[in-house]
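Labels run A, B, C and D following the written order; every chain starts at residue 1.
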Amino acid sequence: MVELVWLIPALPLAGFLLLVFFGKRIGEPRAGWIGTGAVALSFVTACVVFAGLWNEPEHTFEASLFKWIPAGNFNVDIGILLDPLSMAMVLFITGIASLIHLYSIGYMHGDSRFPRFFTYLNLFVFSMLVLVLGDNLVLTFLGWEGVGACSYFLIAFWFEKEENASAGKKAFITNRVGDWGFMVAIFMTFFAFGTVTYTEFLPMAPGLAQTTATFIALMLFVGAIGKSAQIPLFIWLPDAMAGPTPVSALIHAATMVTAGVYLLVRVNPIIAASASWIPWMIAIVGIATAFLAATIALAQQDIKKVLAYSTVSQLGYMFLAVGVGGYSAAIFHMITHAFFKALLFLGAGSVIHGMHEEQDMRRMGALRRIMPVTAVTFIIGWLAIAGVPPFSGFWSKDDILAYALHKSPILYVIGLITALLTAFYMSRLVFRVFYGDSRWGESAEGELANLNAHTATDAADAGAEDHADAHEDSHADTHAGHGAVHPHESKWPMLVPLIVLAFFAATAGVLNLPFTENLEFLNRWLEPVVGENQVHLHLGGAQLTFELLLSTTIALLGIFAAYMVYLKKKIDPSRIELPFFANGWYIDQGITAFMGGIGRKGFELIAMFDKVVIDGAVNGVGRATRGGASRLRAIENGYVRWYALMIGVGAVLIVAFVMTQVSF
Amino acid sequence: MNMLGGDPLLSGQVDLAVVLIVLLKVVGVFAFLLVATMLMIWFERKVVGDFQNRVGPNTAGPFGILQTLADGIKFFFKEDLIPDRAERRVFILAPLLTVVPAFLLFTIVPFGGDFSNGHDGSVELFGHTTYLQLADPSIGILFALAMSSIAVYGVMLAGWSSGSKYPLIGSVRASAQMVSYEAALGLSVCAVVLTTGTLSTHGIVMAQAGSGWGGFIPHWNLIAAGFVPFVVFLLASQAELNRPPFDLVEAEQELVGSYHTEYSSIRFALFFVAEFMNSVTMAAIIVTLFLGGPAGPALLGPGWLWGIIWFLLKMTAFLFLFVWVRSTLPRVRYDQLMDLGWKVLIPLSLGWLLLLATFWVARDQHWNGFVTVAIGAVVGLTGYGLLKAAIATSKARRLEGVVD
Amino acid sequence: MGSNLSLAYLMLSAILFVIGGVGVLIRRNPLVMIMCVELMLNAVNLSFVTFGKMLDDISGQIIVFFVMVVAAAEVVVGLALIVAMARRRPGATADDLRTLRG
Amino acid sequence: METAVFIVCALIVLAGGLGVVSSRNPVHAALSLIATLFGIAVLFLNLGAELLAVVQVIVYTGAIVVLILFVMMLLGVDSEEDLETEPLVGQRLLAGLVGLLFLGAILAIIIIGKESIVTGSHSVTSAISPTVSNITQIGTELFTTYVFPLEVTAGLLTIAVVGAVVLSRRPRDLEPIPEPESMTDMGDEPLTAIPEEGAH
């Protein structure tokens, strides 16, 4: 059964090829069903393979499909490494992707490029599977670039709007920085080990010189923070929300952005072999990102932006987990996060869809009566991410915090603060969207005007991104002014995924319950991959109880605070939603200012060099050729006989030369 | 000396007697050809006369049989005119270039020999065994093709060197016609060669000798190679000879005799003689290729005599056919001539050659003959259909004015 | 055959080749140029057959066969070009083709 | 006997060759070419290549030269060539010099090298057999060892024929090439002069 593993990426690829060639002809509903079917079949295959993998030694299966780059002693095969880690990834990728495909059929209904959307989605799933299943760094990189390209295509899917197109470019360019790191890491790996195949070089990692290991780990980390949106390369992810909501759910929350985490977990022996500051750096970057993004999320008005920063924040948690040696915790959180964040995004998409493309929370409210299914499922997701027991987020976040405490209390404390913020801003989101007064329609005009004036002044000195927001706002404003918005509940293809995801978001915690070792299924499953370098925690009952209680308290505290602010209105929200947060700590503006100021001078210098030295050389060659040619043109007189004569002269010269060389 | 081929005369020591025998044969063939040509001219005039319900030559000699001789003597004493604008040297050379290949062509024709009762066609001559043909090179029939292909030079150069309009048109026609029909001629010869497995004319005759199928149907290539190559060869040879109905090159009514318009006297006589000589030779070659040449049963008397008798009989039959055709069919148009050559004869002989080759391969490989023939026929018909469609399309497009 | 005769064949071939080559270089009528090329090809053919004879190898004759085929193809295309050229400018020589230069 | 045939044929061949190069009238050149081709055909016979001799006559004499003559007569390009003037200064002198040098080099190689100019070993697989006829041997070789080149030549010929048909089809909007003002004017002026020329 496990031999069927090649089918897992092959099915989305087949779907992609079918759609790319015949998509237009297949037409709207059927193209979606084909795409969904391909991924769903892939998921079924993954389940079958999963069942088969139990019988394999160490739950690992390798298959080499064919040779790809045989160049001297550099050999790259198209090969598959199926081990517990990639199996776990494959299962949740195909599963969630199937649901999101199904959801997209409803969400993308009526779009003029409906078949193309599924083409991209299938290609994305294929690339993602290549990324996680590839048995070497190069193949992983191929998938890495593939998902990057798909991400670009999908962010800029509605490229008619300039903001979308530039958001796509921003994502692409930011990712390039990370890709550079990854590529250098690949080169270094080959240089150090002579191979890039995981099963060959990872066992050799402990014997590696510490400096080399440190350098490779650092470069891989650079690649990972690019893809997984960590400080300082997180700036693209919030903008990526310009894409269709299912894309945000699938690519920018559940799967692609976790690729960096996957990569770091995959190469855990190298991290273990590197200098001790590398894990510290990873942990610090992770927790800093988590905290920073959480503060920004506090002040966002766009429902998808909140979720985007929340994603960045949660990814920070995963990096923290990697940094503190809790690899299985990172994967655990990755899986639970995939469920609840996909759920939240899809729920948000459902709200946006129901509100007729309205994304601003200030125009929502009290939607739970109109969209009951969406509301209930969204609330489950909220409780999960906020860390309320017994929902899945509680267990995975707590797992990470336990590892963090083991490493350093400071990390633990910041982690707890971030958890508080998370609970707060998610509660804010839910209260503003589903509870309170209904601010959609004519009745809310006055309040809206106030709010708009407020944001407009903020936006005046803001960068391009916020300009876009302001533009959207005013656009939506005129829209609202024309007549009442009539929210409605979404159709079944959108609701079914919500329900399924809500179920998993609520219950995924059972994968890894901390009470006894027998309940830590995921830990034991991942043992063959991360076991050696994983920090083994043996929490006593008292400590465990204390931590769990503390987490629960923190989460409830956050929710309560939000309740006080947004439903009871005891505190003015503007004291919390600082412009500093709303503008994302002015990081984008800072970059713009730097690039426009000092950076520009540097670029001009480089451009000068380019013009004088490089262009000069090229033009010089051209000029020299032209000059020489105008002199040589005399012999190109157009007479065929003359050319023939030149051939004859050449022949005579050659014969003469040969005669001098040969002795008779 | 192996170029003269399998003649047993040359296989042993070459002494004076052998040289004499060869010389004798040369003289004999030369004389035979001249006499035959002379008689052919008379024969043609007489038969055409009969067809046209006139008497024909009847004064010189019995039945006017010496008419050609008288004409020849007359030509000899006419004034030899060379036009002013003519290209002198070429003008003089051209008639000779016409006659020489006509003579050479006959050297490979087996005109006699004892092929009866399993004999190999050799005869005893002054104590030496020899074939009754001047030479039997291993490339045999290719030599005939070569000679017929250079026969065009006489016509072409005569036309060009006259420095006059009609002859030039005639020479352009001649060259195009020759090149076109040579392909069909060669392909039909290929069918014969494929059937007999040899290029040597003697070998070809030998392969057709014997008592035949069922004791009375002769092994002629006419039957063995199928009827098609024979027909193609017959038609193509008429075109190659510039005989009616393919005498576009001369076409007295259009081109005033074309290439020999400016010729007079003995030079004109040479063209005239060469034309009839070629007719005789071509008839001999058709007989050799398709009707077993001199091969035939010896009824009574010596076998070698019967060889010559059979040969003359068959040849005369063909010569009569030539005259018959000439006196009954009108001249074709030039485009009809080209269409017949390129769109009918060449595809037909090519298709037949392929069919024949398939047939032989099938026999070698012990394939089911019926199935092979059926498949061959289907493929052939498909090719025919495609050709037809292509021709129809091109015609339609020409009518539309898309191409010209 | 004496070896000296073989050498004589080769010399004849060389002389013929050079005659043809010089002809290509000095004549302007494209048809004559084609004829001179044919001369060169024939010279080469002759030496091929001679070499084949000297080495007692039939391949010398086979290659001549192929040279003839290629020569036929060359002449066909060359003549077509000359026809196309003469249609546009009757009496054009190879030198007139220099109007084609860039 | 062989030597005598060779001498006669060599004289014909050389005379023909010189005739091709030096005839003012292209038809005379063609006639000289025929003489050369016949001479070479006989030399082939002398060398024991019977098939080639006949093929030489059929293909070269019977088809190629006929085609050349045909084109000459059809287009009327048989006008005499002016062999006195030469637009390319020194071309003839240089051509003669190159020819002589080349000939001298080859003859020197042949004379100095003698038999050893033929490098390579005597053939084992395709030796010329004294018993099997020339045509049989060539046929066998052609359809075994050289069957692929044979097929390729078939393709080549087809392509050549199609190409010739396409090239020589009369275009419907035939425009004569404008006469350059004078051949020497076009001389070796810079290329930039050409567009101006096209302008008027």
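Everything below uses one rule, namely that a contact is a pair of C-beta atoms (placed from the backbone, for glycine too) under 8 Å apart; a residue touches a chain by one contact, two chains touch by 3 or more.
In UniProt terms the chains read C = Unannotated protein.
These numbers were taken from a predicted model, which means no experiment stands behind them.
When chain centres are set by their Cα atoms, the one at the greatest distance from chain A is B. Taking the mean of the C-alpha atoms as each chain's centre, chain B and chain C (Unannotated protein) sit 32 Å apart.
Work out the mean CA point of chain A and of chain B, and you get 88 Å between them. Centroids built from CA atoms put chain D at 72 Å from chain A. Shown for chain B are the residues that touch two or more other chains, of which there are none. The set of chain A residues touching two or more other chains comprises 637-639, 641, 645, 648.
Along chain D, residues 48, 51, 55, 63, 67, 74, 87, 91, 95, 98-99, 102, 106, 134, 170, 186, 191 each make contact with two or more other chains. Per the contact rule defined earlier, chains pair up in contact as A-C, A-D, B-D, C-D.
The residues of chain B lying in touch with chain D in their complex are 2-3, 87, 90, 93, 137-139, 142-143, 145-146, 149-150, 152-153, 156-157, 159-160, 168, 171-172, 175-176, 178-179, 182, 186, 199, 403-404. Contact residues of chain D toward chain C (Unannotated protein) in the complex are 2-3, 6, 10, 13-14, 17-18, 20-21, 23, 26, 29-30, 33, 36-37, 40, 43-44, 47-49, 51-52, 55-56, 59-60, 63-65, 67-68, 71-72, 74-77, 79, 81, 86-87, 91-92, 95-96, 98-100, 102-103, 106-107, 110-111, 114-115, 117-118, 120-123, 126-128, 134, 137-138, 141-142, 146, 149, 153, 156-157, 159-161, 163-165, 167-168, 170, 174-177, 179-180, 183, 186, 191. Listing the residues of chain D that touch chain A in their complex gives 87-88, 91, 94-95, 98-99, 101-102, 105-106, 108-109, 112-113, 116, 186-188, 190-191. Chain D contributes residues 25, 27-28, 31, 34, 45, 48, 50-51, 53-55, 57-58, 61-63, 66-67, 69-70, 73-74, 78, 133-135, 169-170, 172 to its touches with chain B in the complex.
By the touch rule above, chain C (Unannotated protein) contacts chain A in their complex via residues 21, 24-28, 33, 94-95, 97-101.
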